[in-house]
Amino acid sequence: MTSLSSSGVRADGRTPDQLRDVRITRGWLDQAEGSVLVEFGGTRVLCAASFTAGVPRWRKGSGEGWVTAEYAMLPRATNSRNDRESVRGKIGGRTHEISRLIGRSLRAVIDHSALGENTIVLDCDVLQADGGTRTAAITGAYVALADAVAWGQKQGHVKPGTVLRDSVAAVSVGIIDGVPMLDLPYVEDVRAETDMNVVVTGSGSFVEVQGTAEGAPFHREELNALLDLALAGTAELTRLQAAALAAPVAGFRA
Amino acid sequence: MTSLSSSGVRADGRTPDQLRDVRITRGWLDQAEGSVLVEFGGTRVLCAASFTAGVPRWRKGSGEGWVTAEYAMLPRATNSRNDRESVRGKIGGRTHEISRLIGRSLRAVIDHSALGENTIVLDCDVLQADGGTRTAAITGAYVALADAVAWGQKQGHVKPGTVLRDSVAAVSVGIIDGVPMLDLPYVEDVRAETDMNVVVTGSGSFVEVQGTAEGAPFHREELNALLDLALAGTAELTRLQAAALAAPVAGFRA
Amino acid sequence: MTSLSSSGVRADGRTPDQLRDVRITRGWLDQAEGSVLVEFGGTRVLCAASFTAGVPRWRKGSGEGWVTAEYAMLPRATNSRNDRESVRGKIGGRTHEISRLIGRSLRAVIDHSALGENTIVLDCDVLQADGGTRTAAITGAYVALADAVAWGQKQGHVKPGTVLRDSVAAVSVGIIDGVPMLDLPYVEDVRAETDMNVVVTGSGSFVEVQGTAEGAPFHREELNALLDLALAGTAELTRLQAAALAAPVAGFRA
Amino acid sequence: MTSLSSSGVRADGRTPDQLRDVRITRGWLDQAEGSVLVEFGGTRVLCAASFTAGVPRWRKGSGEGWVTAEYAMLPRATNSRNDRESVRGKIGGRTHEISRLIGRSLRAVIDHSALGENTIVLDCDVLQADGGTRTAAITGAYVALADAVAWGQKQGHVKPGTVLRDSVAAVSVGIIDGVPMLDLPYVEDVRAETDMNVVVTGSGSFVEVQGTAEGAPFHREELNALLDLALAGTAELTRLQAAALAAPVAGFRA
Amino acid sequence: MTSLSSSGVRADGRTPDQLRDVRITRGWLDQAEGSVLVEFGGTRVLCAASFTAGVPRWRKGSGEGWVTAEYAMLPRATNSRNDRESVRGKIGGRTHEISRLIGRSLRAVIDHSALGENTIVLDCDVLQADGGTRTAAITGAYVALADAVAWGQKQGHVKPGTVLRDSVAAVSVGIIDGVPMLDLPYVEDVRAETDMNVVVTGSGSFVEVQGTAEGAPFHREELNALLDLALAGTAELTRLQAAALAAPVAGFRA
Amino acid sequence: MTSLSSSGVRADGRTPDQLRDVRITRGWLDQAEGSVLVEFGGTRVLCAASFTAGVPRWRKGSGEGWVTAEYAMLPRATNSRNDRESVRGKIGGRTHEISRLIGRSLRAVIDHSALGENTIVLDCDVLQADGGTRTAAITGAYVALADAVAWGQKQGHVKPGTVLRDSVAAVSVGIIDGVPMLDLPYVEDVRAETDMNVVVTGSGSFVEVQGTAEGAPFHREELNALLDLALAGTAELTRLQAAALAAPVAGFRA
């Protein structure tokens, strides 16, 4: 199987520098202070932002807020069923790693002082997985976070003013058969020699760069080509986030 | 707050013997052998059926299949966030109890010999909770199970013929301010003096009857009135299940 | 093997509507505020009530008390040994389910305000299991609870007056070879087509009704016949509880 | 409070070298292959021996059997309630330590080859604790083990002949107010400056000697005095074990 | 406190592009097939390689070997004591993340076919932590791995020939007060605006690039400067690894 | 294999009453308030003392301090690798047992009132195991404790004066082929018929005596011979501890 035909077109018809169909649906849940269903092609992640007044004990009296995230996958999000982590009684390393990545990415753009002593927890649950779940989660979670901040300001828990210093989005890139490609679905992801997740602010600076050689180690020029693709991809995602936040809330029946 | 005005109409406009708006969307996931998003009003449960050839060790060589279920709630399915059971490192009693109830309910209508040595796991994940999540889960899981059985027959894993001896559906009933009512949303559920979950086959026999006095103990006549309501409600759910299975698969964008 | 001969007599010589030999021994432990060894035939459950002044944090300042229960089985209570839940590192679903049932049953008859801000924990440990362990536990735990309440009043922790609004007892019923029967020992329990546990107050109202079709679903008339049996059985248990509470404390050497 | 009056008599009337009232009741459970309720004064431990053909994987093919033990306390065995280890999700160090001690003590007298590839698990559950629970457990477990071995021989799982090379019993000793004393109840145990548990075979050899200075370190002569007391005490326990095994099985209603 | 004086010299006297004093001591343990104490300044990591014939079940029959790693810290490796993960009962996200990173890094240079069906586990235990523990662990683990491979070849478990296709080393880099710096000790690490761990093969290709904005997001040029520093640093570490492997084994008393 | 030749010399050349080469290196860690690498032949244990002002909640207001210990083994301390207890998610019985023994031994010589409301935790991590790890740990931990107490006095957390009422050391003894021997390495330990760990104060009183018959039960005279050996061995260890504390701190490069 090859995802790139001789004409340079991928299995799903995209060019190497093209994102999948991305949808950001706000207000997908009725009760959360912010909630987004984000889709990167067949990948669907439900991002719920829970706003609570107050902060964990170790941060009390600091005047600063706290933003954290938890990532998980439904057991049948993938092609074959995975056991639940609650049933196994412990959280796997991959889950921990991604939860921490999402949290760091969001904290990079929040002004903790402007948030005040409030906590926002982002739950990113993968309903269906087709590659790029962590990057879709970051991209959607930012929008849910923005809605939760706005809710907190409307309710008077947070002072008016800028709480989010910038936006943040993420995308995966990889090298497949020697060709750098943007936004890998599962079939490409498993074949990638190098796999990189890049988290970028709306203004184009890096928050995280995580590149891994799955097969052969990669050269400096390959790294550069992947970063170019990622910056273009996240710029497009930034536009889609802004558009979603500018439009009215669509809700579950969208 | 009262959910029943003096005119006998509930807060959401229903009469005491009326179901909420029920929707059963088949094919909500792309990869599961059966998948249903079931909605009882604001309650939304994703039921995914995973078919695998073979059975657990203790059942090998019996010629019989196995059907089991796992129930869980997303952390922000409810009005305020609950900690994940995977993070707490153990599954709560309520989760265990409901998972077991769903499994028993489905096993009551399956012909294990006709299924052959195959296993079907039903994952019922509550995306949004507004009362009656376990009864919605059973009602939706039956439809996902039917699709998974059909998939198994189409693939040749299961012999043609009747594997499901009957259908099964469930509904909650309760007594509020002395009035027996059908299909309680959260606001009614917390006020109910008596709360009952009833699981009934398509032909009208009981699979499970679970009644609990939340406030005052209940009398025999109240029990009878609740059972009458539940039988009428599950008969209506049986019709909706049949209609969903007769219609083409709607899929996620329905 | 059949437990009912052609003459309508069961393997242990009882008629279908007859309880096993029931014994309630108060004061079986020297140190607990209330303690009962309850026997339903070969089933033996030790019920210990621990009274402590004060309530859990979430109930402080409410003026109300709290009653809760924990159920467990010794590893060799059954015919073959079961691993300890402490060794496995987690509590099984069945254990959780029964602990919750006992707690709800006792709370249905206690006046939490009259108890004041005190906590009573009922530990129900099955020393030997021969069917009906949860119903024996509820029946015995009520007596231990009554003793613990009396202790609290004698010590001045609880004000004089009625704290227990009613008594509560429980019994299992089931349909075997088409015949509804009362108080099933293990050999009957495994053969029952329908199995029901019924918790009833001293005044004859229902606290819990939990019926499960183990084999074929059951009809309304069968349900009614089972409830009739259960009400007669719990009425007899109520008399035995009252007699035990009226007699002097027997103690361990009884 | 003092447990030894000026006349050299203890609070419970015993002399320093006297055991408490010891009772060994065989056949206390109906289903276990061996079962004993052992009482050392107010300490009551239920010892159940479970015989199973076969051995753990690491011992297969060795021709040798395996004997192991698990010790636990019911939550209200003590004066104030302790949380269950199953609820806490882990076994405490003290429990581990005592389980291992009981297992080692029993293995010291068993001929593993004569037992053949069979496993006997001893469950020692403390129903009521008043000091010396581990020594009572060892003393009772030996008798339950003897009954389980006899059962295995009667059933033909174990070849006729000597499987138990000797008997084994245990007792606690300690120094209180400078006086060495035998078989300490709880009130003495907490006051002991030195506390020792001694496990001795029927023929008078040591299996385990575990002495701990709770207060001041102890001298060689004190150690010697304690060992003298312990040897006399275990000799008496050996006689009581032999008497119990020689008498008919008493059963639960003894 | 500042780690860089106005003259461009760091608190410990190094220039920005200078490694700390690095020591690699082979044969630090007597029994492991490969063992290295690696020091990056005050950071000391004990890397033990355990060689076992055979592979995990999922890899059996593949003809390929398996290399994996576990990272941990002693409780007092750091300035204040941390609770043990064994006591807490679960492994933290950071530990998981680093264990996985070390394993991936080593697998990037091993020829799994040439290793044959053998498993090598690398245990990297931090005895003392002063920044850069994960990069020191990778750098030391490679040397222990090389010794374990040589052991396997000497014992005849592994065929002669090249099993390690390249060497691998790692270093941390970061931006402090705007200046890119190599190999950060703890005092610099906590002040870094951007923190990057880079894993590079002996031939200069990337295995992992993990950059995180701790404070402000970073620009493309900063990323480039950090990568330059890291490549120079790992080239030096590659030389030190080769020198250690060329010299005789020093052992614990070195 | 025999460890004692006909000439009465052991495999490692020692006489039966001779200790292995013992080294006590203070200041092995840079950051701990006390730290010792203790070696008994090939057994190496790192003992780190962590001093913190304040005591656990249950001891607050008592005016007394608290000393506790945790023992663990690195996975490759032994000849074949053991799984980490953190990975298994629970601490084994042996680990618990030894941690408790070390804590009790140290508490036997500390004056809790003189320590004041301060806590000292001793972490004893076995870097390499060759028998006698618990006795080496106690012997080394005492020296680390002494350094931590001195640190606390120097910092003004602890009042001047005697906090350690005595020193404490421990050694293993055992009977091999009928000969009582001192300080057993692993090869002797596995062959010992009787194995005893003895903890003794500097002034020659017992803190703990733990003797176990691994093979045949042991007689009173054997016990006496073992105690003689142990007292001589701990007297020598006491001298080595005093010498280490009298000399300047050697540090890691010693």
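Letters are used for the chains, namely A, B, C, D, E and F, taken in the order the chains are written, and counting of residues starts over at 1 for each.
Heads up, the rule we're going with is that contacts are C-beta pairs under 8 Å (C-beta built on N, C-alpha and C of every residue); 3 or more make two chains touch, one makes a residue touch a chain.
Chain-to-protein mapping (UniProt): A, B, C, D, E, F = Ribonuclease PH.
Only a predicted model underlies this, so the values are computations on that prediction, with no experimental measurement involved.
K.L.:
Suppose you hop from chain A to any chain it touches, then on again the same way; how many hops at least until you reach chain C?
P.N.:
Minimal hop count between chain A and chain C: 2.
K.L.:
Can you report the angle of the rotation that maps chain A onto chain F, using C-alpha atoms only, to the nearest 5 degrees?
P.N.:
120
K.L.:
With chain centres defined as C-alpha means, what is the inter-centre distance between chain C and chain F in Å?
P.N.:
Each chain's C-alpha centroid was found; their separation is 52 Å.
K.L.:
With centres defined as the mean C-alpha position, give me the chain C-chain D separation in Å.
P.N.:
32
K.L.:
Measure off the straight-line distance from the CA centroid of chain D to the CA centroid of chain F, and report it in whole Å.
P.N.:
29
K.L.:
Residues touching two or more other chains, restricted to chain A: which are they?
P.N.:
Each of 89-91 in chain A touches at least two other chains.
K.L.:
How do the chains line up around the ring if the path leaves chain E toward chain F?
P.N.:
Counting round from chain E, the next being chain F, yields E, F, D, C, B, A.
K.L.:
In their complex, what parts of chain E are in touch with chain A?
P.N.:
90-94, 96-97, 99-100, 104, 108, 166, 196, 200-201, 203, 205-213, 216-220, 223, 227, 231
K.L.:
If you look only at chain E, which of its residues touch chain F in the complex?
P.N.:
Listed in rising order, the residues are 29-32, 35, 42, 44, 46, 48, 50, 52, 70, 72, 74-76, 78-81, 84-87, 89-91, 95, 121, 123, 125, 127-128, 130, 252.
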